[in-house]
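In what follows, a single structure is set out as structure tokens and then discussed.
Note that the chains take the letters A, B, C and D in the order they are written out, and that residue 1 is the start of every chain.
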């Protein structure tokens, strides 16, 4: 049955998901920790070796999950704090010299709301690559950042991975940051959680159409993944609801959930808001000393 | 528990939903029949008296449900056939003289995909009220049709019902056709089913914000409702899945589904397609001898 | 020829437009003045009597024009200052007791960019009418504000004026504020100028489809108009360019400009920005002590 | 002054534009002809040598202009005829073996209406590259077609030309078809004319931001350009209006037209319609024996 579980979050991998009350740190091959920073919960899962990879079903590397639920409570200044937190965590994964250039890839389909996180995040990106030479007096000291929405296989006929690899070879960034929608198994996490990792990403996994991986091996440069869960697979939800009830269930009973997703009622607005947060957090990570107002003005 | 069941379809009311294999015709106060027309399944539930009202939780009247799943199999000419079927059924509910004018109300929120059926259907409506006087040589023989998207309480501060009642008093149509999104309890029905009824509608019930009723009592003219289920309430789905498994469940276990909806993955496209079908079916019902091409040309 | 001149701005009426270097104050039936407030130019034209009406082709009343070009220079805090200025001028025209309720009408067609000012301004409106009763502890002290986008005759079959009059009779506001796109004859004013007046408005005049007037006579309550020029009529522009060159021209030479409009290249963004400003300015005029951040939070 | 004239249409180059009543065929280095096909006017300008290049300001090659004004008269079947005509002319420029694969590049900015022709045409493209292997039983005999919207420099930081060249090297199509918006000097041509050429294209010239050329030299494969004029430069229009009046004008008088464009009032709808026609015409050119209904069904 567990093969039917769909989640892209490391912290939701079966052993971590079920062991919440106990001590996940004791799992072999994994190192986990949880802390509160700037008022938000930050969980880190490090997959250390093959045992860890087997346990969470993800490659070796660091997975940082920010829980931004506080945003919803509209606490004073929480948007700015969340952007700053995202920027700090991104910098900790990127650790690049100031001068290096970055390509941000917005994965997913702009026309399908729960899949539009990547494109909308890129809409909120301060793109500077062309300005450094055109307006050196203003932008000469900015990092070179470019953005690319590669579309989806169904409408381009080309894998996202092929397009990004091709452009990467041309533009030669020092690293790629890939933004995508994810699947979660917890409805409370939808549009409220951001997972960062230094292991790259498989585009489209959030909406069930897994494609070629984007990672250091395929692109030749480090790939930082930034993902936001926007859907819960309906069959996964039903499975978890039933398990939580202490009941047994067999797989065939969930067939009717195939192809269905669970979203918040106000998914359109939620996706827009969290994608803007991603874009602003990226800007703060990639350029120094920016305020929210600076970004507003640049993008307006 | 059944108070947690959310559905706007008469054929999904508890006694009919559970009795499928048996003979629903035998339920007191109800008359049900099912037939196949133009290749589609057509179910009619007539609520005859108070016993029927209690059984299905809906007012006396006729509820016709068209199952348009065949559309998805892309059968030859199926779009045109479905429009023609919808037009025939609408005419059977309207039975109005040719000359009478009609107001079509598109209920719901255009910016929330599963709630946008009404507004998009009105986008596909041939509006003629202003053309009959402006271009009498072309449109003098057309029925007078006008369309109104009343928005939603959260963005206007005014109940849809208040706006439509006010405009109705001004425009004085012979009848109102109200188009809205509904909730179903069967995921297979999402964006594939149309329910027509002669009993009016409560706007927003599909997305869980029930408002003032639109019916002959509140508007002073007959109100035909045209509804399309676009969401399944997550808690309802879980309840039904578990019941189908022969298990018992108590209400509190479903709390985590609150505020969540289940939709098809490609809801944006599905809503656009079924809403166009509604608009075209309305046009064929309201004006004589129109082909799909005629409507294409009018709307282009 | 002057019958071919299309402008909705009082300050662009022929005698004021041509007399710029001289003293417009001396025109009989008009009182004009210009001042700088909060860094923006504010021109007021008062049409005092029939002589003034004949001179500017507009009914008696006050026409205040704010030139917000400074916004484009992205001066520190200029958005907030412009909103505050707009709010002050609106209050001077409204002079209503705190308790009175307001209906804001967003005129025009959301799907035609230069005509979308009204609907987008209403998107940025803090609508409170329904919240005062639903959440009295938070909104009990707010003014009751509702918003209505009436659509356009071509897609509804109903005049905007009919819809607004009908809803007005139902909702009974103390005043109506009608927001619409206008035509200017100066390209520099496009999307940078706001005209306020206490004389009502004729919907659609900006895009050349004049309709029933919205004013105290037709609605029974005072009507404040808020207009933004988004287009210059191509024939008007050509006429003015040629006149400015000291050349003579006759009307027939401009026929090829019929049905064409001149807009800034980035009209989509410009319309979005100025419409947001209108919405925020309305919010500050209608509710006390709001900051930009308060409005951001309410609308988010 | 002529340096201020902005047009991307070969038939509007100064000598051809002014010599209309005379015999353009006699211009050295050019061969021109005009015929009527399927009810539409088709003009061909062949630039034969350096003298022709100097005269029209465009590289050697064939420029075919289809005048599709008849579409607007809504003649019976005119959409299908226009698609078929476009397909025939495209095939005459492409003359490729059946098996060869094609990359269609949609140039321009989807968010700026008059610049959105390329992206919307690609929305209407039957993309098959990924289907030939995934569904060989259905699509094995289709030509391999892929589509790419490269975005614009201002939002990606990367030249369209760089992106397309990079992807081209990866995908290795036999030819590229580049679709873009153009500038015209005749308002009657806006959204009614299509220019095809076998000489490639400079992206963005239509909206005044010329970039790296896309042609056989830069991409390594033949590049067919498909362009639609959507704007007239305001200064160009004024210049032509004045010239047509037999008046003299000097350049400085037109400064106020800088950055302004002239469009039809209903530009949004016009761009959508002509872009759909481009997409459908491309489909008919690239795949055999398709009807409008076949394309409707594929894209739905």
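To be clear about the criterion, a contact is a pair of C-beta atoms (placed from the backbone, for glycine too) under 8 Å apart; a residue touches a chain by one contact, two chains touch by 3 or more.
Note that this is a predicted model, so its numbers are computed, not measured.
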Look at all chain centres (mean of CA atoms) and spot the one farthest from the centre of chain C.
A
Between chain C and chain D, how many degrees of rotation does a Cα superposition need? Round to steps of 5.
180
State, to the nearest whole Å, the distance from the C-alpha centre of chain A to the C-alpha centre of chain D.
38
Chain centres from averaged Cα atoms put chain A and chain C apart, in whole Å, by 43
Touching chain A in the complex, chain B uses residues 111-113, 187-188, 207-208, 232, 234, 237-238, 241-242, 244-245, 247, 249, 253-254, 256-257, 259-269
State the interface residues of chain A toward chain D in the complex, per the touch definition above.
122-123, 127-131, 144-149, 151, 153-159, 162-163, 165-167, 169-171
